[in-house]
Amino acid sequence: MTETSTRTPRRSLGGQRRVSEKLILVSLFVCGAISIATTIGIIYELGKESLLFFQDPQVSFWEYITGTIWQPQAGSFGIWPLILGTMLITVIALTVAIPIGLASAIYLSEYASPRVRGFFKPALEVLVGIPTVVFGFFAVTFMTPILRDIFGADVVGFFNVLSAGIVVGILIIPLVSSLSEDALSAVPDSLRQAAYGLGASKLEVSLRVVVPAALSGIAAGIVIAMSRAVGETMVVTLASGAAPRNFVLGQDPWSYILSPFEFGQAMTGYIVITASGDLSYNTIDYNSIFAIGLTLFLMTLGLNSLSRRIVDRYRQEYE
Amino acid sequence: MSIEAPLRPTEEFYPSGDEYDKFLSRRKRRGRIVQMIFLLALATAVLALITLLYTIINDSFGLTAVVNETEPEEVVASLGYDPAEVAIEDLSFDELVGVLQGAISNNVGRRLEREQRFYEDRLVFETESVWAEICSSGEPPAGCDAAPRSQASVLQLVYERVVVPDVIASYELVPSLFAPEAFEEEIEEIFITSPDRFPDYTFDQVQFEWRAWLSWTFVTAPANSKPEIAGIRTAILGSMWLVAITISFAVPVGVGAAVYLEEFARPNRFNSFIQTNINNLAGVPSIIYGMLGLAVFVRIFEPFTSGAIFGIENDNGRTVVAAGLTLGLLTLPVVIISSQEALKAVPNSLRQAGMGLGATRWQTVRSQVLPVALPGILTGTILAVARAIGETAPLILVGAASFITSDPTGPFSKFTALPIQIFQWTSLPQEEFRNLAAAASLALLILLLVLNAGAVILRNKYSRRI
Amino acid sequence: MTHETQAPVTKQEEPATKVDETTAEGMPAPEAPGVIQTVGMDIYYGDFKAVHDVSLNFAFNEISALIGPSGCGKSTVLRSLNRMNDLIPTARTDGEVFYHGENIYGEGVDAVEVRRRIGMVFQKPNPFPKTIYQNILWGAKINGFKGSKSDADALVQDALEQAALWEEVKDKVNESGLSLSGGQQQRLCIARAIATKPDVVLMDEPCSALDPIATLRIEELMLQLKENYSIIIVTHNMQQAARVSDKTAFFNVELNTKGQRTGELVEFSPTEKLFTSPDRKETEDYITGRFG
């Protein structure tokens, strides 16, 4: 080897490897952009098929947003029965999940010793990991029979929104509790100290200082849980029935319209049931699930951004 | 200030003296009660979990009332074995085929063989010449190309065609343990009071047997419409294929996106829009992803997802790959966010050290940052996979067929998945399907448990190395 | 309790004489029992002994300062005077703390009632995220305030006046306490503490997060407050101790054989004496070291 051969001529700065670096950067950017493509895809497809749905001569947009009968075979496309199902289930779910989840969060954040936490926290995490279809099975084989035993089989239908609502509630307890706990533990310890220094008991510190200070965080968590309940599918499909609860305002009594014991298909339930049958493209059924999907998407999007707004406001308040 | 009881306040407007003692003890009592209530709420949540597990286990095992056309013991005895020592599951492949041959007509046998042959190298029911003819015809049956039947498949055929068990009733685990005789009395009662319910059987034919609905046979047997012999192998394989495709899409793309956002992206509007968008996507209900999958992967990309451009014939794009990509999109935000967390946790000094040595940003990321972040990324990935395995709604939307008896063989196969099986069985009215749903749920939970344990082990192993 | 001392609930002289026996050498002659007396107080965090054998006698309507290098346990001592240390699960206090002759660690004494009588102001201002008005009234309410709305208004005004904050906030008592400046927030916290009518106020480095002007205002306020309250203050600022306090306790750190740092009371004297002619050499070293 001669001296000259080991001495390669100096290359200018910004040589070959910068090009491959560019290439990598571009492909990483593409990875990041796929998420945007996903969003565009969702909005475009839902929008396009919904448009086809509303262009169908059988469908009127006005009827869709005001109608209280959903009966595709008869050409009635009013969204309200499906929204009713979703709302009843969500309200029941929140009634179950808010008190239990919030109380659990307060206990875990303010009271529990490390040993107690070490037992309960993983248990709640296990609950998060269980697939929703298993919760659906639980609703049908455990919750519904129990409810029929308690209230009477003639009162509670085999498909009912109560069973679905309670089980969806159980499903979102960990969500409520972990988000609330995050909010509670974000409350600076100095506030607790201040309250104790004034002669407050533990309960007074927790309920009258810590919880109010964490309220916006808790509220944001509850809204997230609500969005989750609205979008929950399998429990709802299995337990609350395969038919929408059509009603006529002024004719059906409110006790029927709002009854927790009756069947009541939710939006997600309708989409799944329709899609699991023989679904061919460009039919009114096919397009209708996209219109409902769009409604659902907008609802959850609205709830999620509401939650983010609450959090943003809370942050401003603290800094 | 009273010296005897200095802690009792005496000011105006505040409780004093005995009143203060009462006030204090009332506050303390209220505190204790409310603390109890909080703890009770927490216990309720855990109780719900326990009840759920109890329900599943309770339905997965228990007594059954069965009527067999031929007893498995007779089958074993007919081959000259002692039924006390040899169970029907222990019989060899050849023996099982022999039993089948002796029990079914040639016509049925030929049909079974056309569905899937028994031996790679020889035919049992068909003749070579007919076989060659039908296989070279325009529409050859599945058996011409498919791999030969497994032991489990033949055993299932023996049960289906020879033993023909009929579970006429099943009992839950707990009553089976504590009051088994009640079950027998109940069945006998039915035979006496309403003989029309089981017109083909007499009570003497009924056998009361323990049955583990979740058993090795259940796990290895293919799907079947008869609950007595149905299994979840097809579904498990389907789920595995899905996971494989989900991972191979979501992990590279997700980690790439996370690396882009954490290591390269300048804080401009567009990049913060990407970030917001990812956070938003994480909150989109899974069913919406299913609709996206249906509209895009199944419909628009049909030539690809049906495998048509690879020369595979399929009626439509409702295949493993379409569903896997759908789940990939669904889990993408989870993978991105958890990978970002992992990258954020890598100390900046490491990056500066790398770049200070003259490495480019990408070289630093690849050789310094990513290895350190790997355990975090891995954990996030496993959690995302765990979520994907349990997802049901998007699979229904992209048209996972519920009744598929043949195993998926590749990305372009029709398939069914474990959660789909659970869904279908749960929605059927018969008691036995309830048992199957419970057993499949238990299998799914065990699978998830294994995955999570794997995540913990992996994390520990890697974090020790670093 | 290893001490032979009986809790002197009725007889007041007893602890005073005992104090003399158990405190460090060079303590002044026996004196009348003050508002708070500690007798042979040891404080532990788990197995770790943070403070060793502290006996102090804090007089009525005086400002007593606790000074010493960091880690000497002065804050720990302060927090054990109203049982704030109970909030740390591993913390344990041995020995006795007498408040008006009653052992606050005695059986049947609730930490809640102790803290109601012995208020506390913290290092960093920590108003609740509520209005100024609600901040003041909060402590009163949980302690069973029974007055009418106008009584409550009067209480708020009185507390804010005592804390020398009324003039600045009288037009905005319904604004958030967090909207105030740091110094104002700290005075709000003082007002909040005195609204529940305690008779001792503990202050844990109340000025360490404030600018010099705000510090000065708080110091002036303390001098006003001692007319009605007994004040015990922890400070890392010796000038502050010299400026405001009547008596000063100096704590030092001792390294034991296991390498653990345990705080110990070195000297407790009238402030002037401690800063000009301390009894103990350690005190002098510390003071001159800092001043010099």
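So that you can tell them apart, the chains are marked A, B and C in the order they are listed, and the count of residues begins at 1 in each.
The definition used in the following text is that contacts are C-beta pairs under 8 Å (C-beta built on N, C-alpha and C of every residue); 3 or more make two chains touch, one makes a residue touch a chain.
Owing to the predicted nature of the structure, the values given are computational and were not obtained by experimental measurement.
Taking the mean of all protein C-alpha atoms as the reference point, the chain centroid lying nearest to it belongs to A. Between the chains A-B lie more C-beta contact pairs than between any other two chains.
Chain A and chain C have Cα centroids lying 50 Å from one another. Chain A and chain B have Cα centroids separated by 22 Å. With centres set at the average Cα position, the gap from chain B to chain C is 62 Å.
Residues of chain C found to touch two or more other chains are 112-114, 116-117, 143.
Of all residues in chain B, those touching 2 or more other chains are 27-28, listed in ascending order. Shared contact sites, meaning residues of chain A that touch two or more other chains, fall at 201, 204. Residue ranges on chain B touching chain C, taken from their complex, read 1, 3, 5-7, 9, 11-15, 20, 23-24, 27-28. Remark: chain A residues 17-18, 21, 24-25, 27-36, 38-39, 41-42, 45-46, 49, 99-104, 106-108, 111, 120, 123-124, 126-127, 129-138, 140-142, 170, 173-174, 177, 201-204, 207, 224, 227-228, 230-234, 237-238, 268, 271-272, 275-276, 279, 281, 289-290, 293, 296-297, 300-301, 304-305, 308 touch chain B in the complex.
Residue ranges on chain C touching chain A, taken from their complex, read 82, 84, 87, 89, 112-117, 119-122, 124, 126-130, 138-139, 142-143, 176, 178, 189, 192-193, 196.
Partner chain A is touched in their complex by these residues of chain B: 27-28, 30-31, 34-35, 37-42, 44-46, 48-49, 51-52, 55-56, 59, 252-257, 259-261, 264-265, 271, 273-274, 277-281, 283-292, 294-296, 299, 329, 332-333, 336, 360-362, 386, 389-393, 396-397, 399, 402, 419, 422-423, 426-427, 434, 437-438, 441, 444-445, 448, 452.
Remark: chain A residues 113, 188, 190-201, 204, 208-209, 212-213, 317-318 touch chain C in the complex.
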